[in-house]
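Listed below are the structures to be examined.
Both of the next two complexes hold chain A, though its partner changes from chain B to chain C.
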Partner chain A sequence: MRLYWEIFKRSFQSAAAYRLEMIAQTVSSLFGILIQTSIWLALYRGNAEHASTAGQISIRDMLTYAILSSCVFLLINNQMIWKLGEKIKTGEIAMDLIKPIHLARYLFSESGGLALFRVVFQLLPVLAFGAVIYGIVPPAAPDFVFFAVCLLNGIVLYYLMSFICGLIAFWYMVNWHTNSLFHLVMTLFSGSLVPLWFFPGALSKTVSLLPFPLVFYGPISVYLGKRTIEEEMVLVAMQFAWIALLALLLRWIWGKAVKKLVIQGG
Partner chain B sequence: MQGIRLYMRFIGVYLKSKIEYDHIFVFMDLVLNSVWPVVNMVLLWIMLQRFGNLAGWDFDHLLFLYNLGYLPFLISGMIIWNPTKDLQELVRTGHFDSYLTRPLNPLAHLIMRQFSHGHLFGLVLSIGMLVYSVNRLDLPVNAGSAVVFLSIVAGGALIYGAFMLFCGSLSFWFIKSESVYELVVYEIRSLIEFPLPIYNKVVQAVLLFFVPYAFINFIPAQGILFPDRSAWPPALQLTATPILGAVLFALAFAFFRIGIDRYQSTGN
Partner chain C sequence: MSIIRVQSLTKRFKRQIRRSGKMSAFKDFAFPRHEWKDAVKEVDFQIDKGEIVGYIGPNGAGKSTTIKMMVGILVPTSGSIEIGGLVPYKNRLENSRKIGVVFGQRTQLWWDIPVMETFRLMQYMYKIPQRQFEENIRIFTEILGIDEFVNVPVRQLSLGQRMRADLCAALLHNPEILYLDEPTIGLDVDVKERVRGFIKEVNRTRETTVILTTHDTSDLDKLCSRVLVIDQGSLMYDGDLEYLKRHYSRHDVVTVETDSEMPENLLRTRFQDDFTQEGRKCHVRIVPEKDSTADCIAWFIRNGRLLDVQIRQTDIDEVIRNLYSTFKRPEKETGSG
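Entry: the complex of A and B
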């Protein structure tokens, strides 16, 4: 555990070295919020509420949704596919395999440190900006507890998915293709831009079976109190099920990948 | 004309070098570079089937608006995006020297030695979406409207090109100017994917007067689809884009020339 804590701390410190990049990312998420909120305000046309598959959604809900979605993105965003891809391409991964620590766990604590850095220097400013300009709906206390659990699970889920995609580099070397494809699927199905409750009914039902909306749409809809307690429990159960499934998948792919590496001679 | 023939030769050589690679990679390059507008349009469609319209623009109008902003971006992307982005690295390392010793304008050489093939498929998609929206909107298609349309696209490409060149040339003065490039070329650009009136007054002013991307798609699209919504005479709404594009690109080119005069090699 201490080892992971050290990695966590190191990565926090090294993140501080890329200040310019961090500022650029913050500006980028502020632009995202500006565009999203402008679109929702224009779509609502001064109406207070709009019908959806999850009941009436108020404009304040939607503004909060847009801001929180940007915040979740800052929390989960990692360069895993690039990082793994580079390691695999250069053969550096052979060195990582020698180390007495599993690469997946090593990189997870590393991205944890990065995430904490982002929380302090990007997420909080963005959240404050959003709250002051557009206002954020406060959650009910029980919802907030569920939200915290869902959010954490969502982070783990996203990490697992991006790690699995990163491992694809063992077979397919063009990282940016994998990265682009993964982000494309996330953008369409995670509800990061358009919540699933505005999707056409049948599409919404299908997409909600996938792991992608469990990262954005799931936690945020819980925060906004759009789910009954039973629905919240089902959501968390689904997250755990997907985490278990993806962890197994990761192990399986990892085993195959390492075997392949040995065949190549590293 | 000599220049264009030379450029075609350069493109030919470039494409030959690409075909050397595995076909699947080249194919994925083309698809993934081009598929994002489709994703954006799918999300927009999902929103619009719930809400009907966005600031008085329904889906077909927005499809037209989006692609009128995207097509010129692809064109300037193919021609001048790489050179202006590379300029920062070239100036920093001193490799820009070699461009000053050729019997060719440095900008022309920068442009000719690359070609962004990834945008080709996007061009086809974007034109396809434009044709679809023009059909759906029942816009008149004749020689006159074709000339107007092409001049708007060319003007838009010049406006994008001007800002790419301007931001790239900043590297003659500042060692690190990537973030300005990112901000102006990507972030601010993403604003014009939607109609201007959805934004607050400050953003509108920026898009009209400081980084006038609104002239690339919103002003001409409004001139074509809803000429009555603007106080400007219709003719001006349609001709502002090419005029502004020519002026801005001339200014950016002058700025680039001043930058070259100021360039002192770091040696290599």
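Entry: the complex of A and C
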């Protein structure tokens, strides 16, 4: 446990080396917010509210949603597919295998450290920008506690999914294919652009069984108070179930991947 | 009692054959053909605790493949390996705590943070007691001079500095066995010397068993008493370095420069056909059974005025070529050579 805390700290420290990239990314998330909010403002066309499967959604709710979505993205974004792909291509993965560590945990701590760095230097500025320009709906206190739990679970879920997709590189080397496909699926089904409450009823029901909306749509809809306490509990339970399932899947694929590596020699 | 036991170790790789000519890329894609390559074939050896063994052979001989099997990141196709009673690929994690590994072309240091921070991370990774950690850092600083750059991020280090840091990182947890795959490749003479001194010292004080692959003959001279020679996957020689050199490095070359050209017939009476002349320079091949370098130089001193003398020892690749031709002579005579 101590080891992973130390990795977390060092990762935070090493992120400082990429100041320029950080600034560029902050600028691009600001643009992202500008674009998304303009679209929503245009779609609402002066209406204060729109009907949805989660009741009436005000324009302020929607603007808050867009800003929070950008923030969640900053928290979870880990480039794991690219990172694992490089390790496998260059054979650096061998160096990881001769250390007494679990690579998945190691890289989780590492991306945690980077995420914390982004919270301080990107997320807070972006949030402040959003709050000043558009105003953010403050959450009710009990919602906020659920939101925090949901958000953390969402981070873990996203990590598990991206790590599993990254492992595909053991079999299929063209990792930018994997990466685009994964991001496409995330964009469509996670609710990062369009909240599930605007999806047609049947589609919304189907998609909400998948793990993707548990990363964006789940936590943000809780923040906005669009769920009853029972629904919130179901949401968290689903997150835990998916985490358990994906963790098992990750272990299984990891075992297969290592087996392939040690037989074929990378 | 051997700490490393390797028995009829074989690793067979599957490789795709690339065609050439018309539509080759299409054919390769549609009808891939494979061949099997034995990177390591029926290799046997045992290594005792505290030995330093040089593992040598030309490029592609199978050295790295053998090392990878010993550290547990490659499974043998057949045969067995036991390292301190463990089968490495079955007990990769447990084995990893007892070994230190340096691959010359790779680093295990964290790229963006100071070297010392990686060392501290190693401390947690291998659960190294604080006393041992401090003691090791002190020793490493003394021999390798790492204090010059421990606070510099790894990406700013020179190759020599990085290699020194990597060696330290591999040894912080006092491993029982140290695997070094081409540790001195690309280093300048001064750093090479330090690295060798360090390996020697660690081996002496801690009885660390060291296995190193190298291309550099002087690594072997300075470090190893025993060498294993591998070529095309097969073990060609296992034994004394001295014996190997005496028997297979047949002709060291002495180059003598004199103030005036030596008469050719005089040279011929002394050296028969074992010399070539290049104006005032004269290259003599010393055949150990018949002659010695000292006698040769003494003869030149008696017969002329010397300006310069150079002695070139057979390098290890030449030794291996000689070794190879001894074993494969029948094939060589009929084949293309």
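We take it that the second predicted complex is superposed on the first by the 265 of 266 C-alpha atoms of A that agree within 3 Å, B and C clash if a C-alpha of one lies under 4 Å from a C-alpha of the other, contacts with A are read in each partner's own complex, and residues count from 1 in each chain.
Everything below uses one rule, namely that a residue touches a chain if its C-beta (ideal position, glycine included) is under 8 Å from a C-beta of that chain, and two chains touch if they have at least 3 such contacts.
What you see is a predicted model; the values in this text were computed from it and never measured.
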| item | value |
| --- | --- |
| Touching partner for A:Pro100 - first (chain B), second (chain C), both, neither | second |
| Touched partner set for A:Ala24, first chain B, second chain C, both or neither | first |
| Partner chain in contact with A:Met233 - chain B first, chain C second, else both or neither | neither |
| Residue contacts on chain A - larger count, chain B or chain C | B |
| First (chain B), second (chain C), both or neither touched by A:Arg2 | second |
| Touched partner set for A:Ala241, first chain B, second chain C, both or neither | neither |
| Chain B versus chain C as contact partner of A:Leu41, first or second or both or neither | first |
| Touching residues on chain C, where the partner in the complex is chain A | 11, 13-14, 65, 68, 71-75, 89, 92-93, 96-97, 99, 101, 103, 106-108, 110-113, 117, 120-121, 124-126, 153 |
| Partner chain B, residues of chain A touching it in the complex | 20, 23-24, 27-28, 31, 34-35, 38-39, 41-44, 50, 52, 174, 176-177, 180-181, 184, 187-188, 193-194, 198-200, 203 |
| Contact set on chain B toward chain A in their complex | 25, 28-29, 32, 35-36, 39, 42-43, 46-47, 49-51, 54-55, 176, 179, 182-183, 187-188, 190-191, 193-195, 197-200, 203 |
| Residues on chain A engaged by chain C in the complex (per definition of touch) | 2-3, 6-7, 10, 13-14, 17-18, 91-92, 94-95, 97-101, 261-265 |
